[in-house]
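What follows is a single structure, and I will ask about it in a moment.
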Amino acid sequence: MSDRTPDRVALLALPALVYMVIVFAIPVMVLIGRSFFGPSGLSVTPYIDFLSDGFNWRVIFNTLRTAALTTLVCLVIGYPTALALSWSKGFVQAIMLVAIILPLSVGVIVKAFAWQIVLRRDGIVASLLMATGVWDEPKLLLFTETGLVLGAANIFLPFMILPIYSVLKLIDPSLQHAAATLGAPPVYRFFRLSLPLAASGIISGCSIVFSLATSMYVIPSLLIGDRYQTLPTLTARAFLLMRNERLGSTTATILLFLTIAIVMLTAWLVRRREVQT
Amino acid sequence: MQNSVLEVAGAEKAFGSTTVLSGVDLAVENGEFISLLGPSGCGKTTLLRIVAGLLSADRGTVKLSGADITGLPTHMRGVGVVFQNYALFPHLTVAQNVAFGLKAQQISAGDIRATVAKYLDLVQLTSMADRPIRGLSGGQQQRVAVARALAVSPKLLLLDEPFSALDRKLRELMQIELKRILREVGITTVLVTHDQEEALVMSDRIAVMNKGAIEQFAAPGLIYQKPASRFVLDFVGHSTRIAGTTAKTTDGLLAIETAFGTLHAQSGYIPGSPVTVAIRPERISMSMAQETPPSVNVLSARLTDIIFQGSKYHLLFENQGDSHLLVEAGRIPEGMAVGANVHLHWSLEDTLVFPGAQE
Amino acid sequence: MTATERIWTFVTCLVATLVVVFLATPLVVTILTSFGSSSLFTLPPPSWSVRWYQRLTSVRGLGSTLLVSVEIAALSTFSSIVIGGLASIALVRGRFPGRTAIGTFLTSPLMLPGLVIGIALLQAFRFAGLRDVWTSLLLAHMIVTLPYAVRTIYSSLLLFDFTLVEAARTLGCSPMQAYIRVLIPALAPAFITSGIFAFLASMDNYAVSIFFTDAWTKTLPIMMLNLAEEQPDPTIAAISSLLIGLVLIFLIICDRAIGLRRIVDQH
């Protein structure tokens, strides 16, 4: 009867679990497994082939570099925003929340396409820089790395703001006052109090943005084009254009391991912080 | 007993390796209000949930009005429950909460409305009918919960610590109010509580529970004056306790040697066993040392402290510096002050003896 | 107000304004472009018009593509809420080992690159002999939508007081009736919001869909991607603006259901 239901209740997880195992876990495992199978059984030849090509190193480097730059821009803009969000109240806060949630809920293609327009030679950014005198003549930002990072940072910014905000809003504001009464100047308070307290939010924000930026596909396709290959664009090309599934499986697996490594690194960092504090 | 509404026999329950109920027997008469009184964690809620069918016992039977309902699912039992946190449905209004159980039955909309109105009137919440649950005070929530449980006309009503969420003043008010409501309906009721005053005030009989077993099931007066065990003595009310050793019995009077001299009691014990003599503090009389009191049990002690408690006084006595004896009095006898030597005396009936030395 | 407080207030407002402008830029640009008369994306447009919206009717295959997208999104969302809701009940109420691991597993597609999932499914479906585009899309999109359902319903169930279900049973409801009459209404906001976010995630998905579409059956994002590559003109901006409008409506519903702040907490 009812006290035994908790055990029978476990059966309710079965449909979802079975579905996810068959349609998700097994295919992903097979993908990983197959990338280690050459024509003559188990081997790492595909990886050796892949990594012995300088172009491919370039691709990996591009991927990580763009992701790192995007994360950095997001952090630099996102942290003050999260702070402002936690200080603000009422109407201002509501406006900010809408400004974060609305773009977050709009599809990536819509936003990436908009950035194609923004980054044109006659786009908003160029006009703005001309008007302020930073540029003397209009330049094309589209198809440059700067344009890519700017667009990606804009699209992923909410994923940086929200985790930091969720930590900041839990911090007791009286801590700031207490530190001030103890004679700590603002800069000292920032580095010794605000930043360490927000660290777990910063870590998870960076982790989310970094892995999103590592695996983004539409944004580089629309904002920088084929010249600049990253792991995801190369993966898609391998399958959709080159019909080279071996290459595609290899890059996909590298991408997968990269993402898993980020997740595990983050978990490790967070756990280490919890042990320390 | 043919008249029993509820009969629990040999109920046992264990969660994993922890035994929570070890053979509980309980019979509640028609229209009776009984309390399950015991410390937190003694298994009261578990017993209640077994009666309601929300939990099944490992062993034992539950009968309702003579019919065995041990295997019957909750919704077919006709047992109403007022939960500890009231468990009101937050998405419904007060009236919709009361109507909830009626809607599960085949009852016409008009009858439902009439019944809801009747029970809202009974708990004096008619004006709140269309309010959402969220804004209600604790007392109002409790009354909604009671009305909701009563509206389906259960044969038995179970209340699980219904006053624990209320502050003290409100709790005392609601105890009287609930008693009025339940008397009006005339329903057999089992109240679970860890508050002895609540149990003493509200119940026709009290079942004192300890570690998954009922130690005594009797009327409140009897529980207080003749506690069946050391546990009941300790759990219900205060007591003054003196350690002693039994000596021989003469003329039906048991002599007990204590640090305060020889005391007497009624019951029979083998000479030489360690016992505890206990007296309810308000049953002890005091007189100044010069007079000789008439009681069989007299001891003299020095008054060390007087604690004013509003309606009464607690007086602390000491003898040879070791034991503190507590006496409760409505007023301080004339001429008695701290440091005075006083005779404490009490009757044979008020002398309670329990096996085992004082802890 | 002290001088420092005034400075902080100023800084807060400044940061807030700048970031709101920055975040709103792509959406505003899209909407302005869609109402411009020029096909050259000039901003501000030389004059206003609705010609790009009128042109939508003549975009070949837009109607059927939209239908496929909505069908797939609605069906995968609905099935995800059903099996994800059941799984959430098991995870919250069950007493079995590995519950946390199962929860992480069911939401893990959120953390993995969509392309990788798409490729894995492409190979698996091919191995299983599944050729039908529509079915493949549906099966694949459920992997996208299920994590949203599990995440939201699970966190709402954690807050749900299960004595309410017991109360319903003491009032004469069978266990099934009790769940239907108490649990479902109490969780309605969670169903609505998780449903909306799952639906949007499916509607926007390209990373998984891109491997399953063909010339005849495609989803809206894939079509937009094709249009953006082949003939970029404000038609895409018009489609985008309509999608933004849809998101706006959905967010208003979510706000009514659980409030803006809890939507933020969900993310």
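All chains are identified by letter, namely A, B and C, in their written order; residue positions are counted from 1 within each chain.
The rule we apply is simple: a contact is a pair of C-beta atoms (placed from the backbone, for glycine too) under 8 Å apart; a residue touches a chain by one contact, two chains touch by 3 or more.
Model, not experiment: these values are computed from the prediction.
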item	value
Furthest chain, CA centroid comparison against subunit B	A
Innermost chain, taking as reference the mean of every protein Cα atom displayed	C
For subunit A paired with subunit C, centre-to-centre distance based on mean C-alpha positions, whole Å	18
Distance from subunit B to subunit A - Cα centre to Cα centre, in angstrom	61
Interchain centroid distance [CA atoms averaged], subunit B/subunit C, Å	56
Where subunit B touches two or more other chains at once, by residue number	53-54, 73-74
Parts of subunit B lying in touch with subunit C, wherever the complex brings them together	52-54, 73-75, 77, 79-81, 83, 85, 87-91, 100-101, 104-105, 148-149, 152
Residues of subunit C touching subunit A in the complex	4, 8, 11-13, 15-16, 19-20, 22-27, 29-30, 33, 41-43, 83-84, 86-87, 89-91, 93-96, 102, 105-106, 109, 111-117, 119-124, 127, 139-140, 142-143, 146, 150, 197, 200, 203-204, 206-207, 210-211, 221, 224-225, 228-229, 232, 236-237, 240, 243-244, 247-248, 250-251, 260-261, 263-265, 267
Complex interface listing, subunit A residues touching subunit C	5-7, 9-17, 19-20, 23-28, 30-31, 34, 77, 80-81, 83-85, 87-88, 92, 94-111, 113-118, 120, 122-124, 154-155, 157-158, 162, 165-166, 186, 211, 214-215, 217-218, 221-222, 232, 235-236, 239-240, 245, 248-249, 252-253, 255-256, 259-260, 263
Sites on subunit C touched by subunit B in the complex	161, 163-164, 166-175, 177-178, 181-182, 185-186, 188
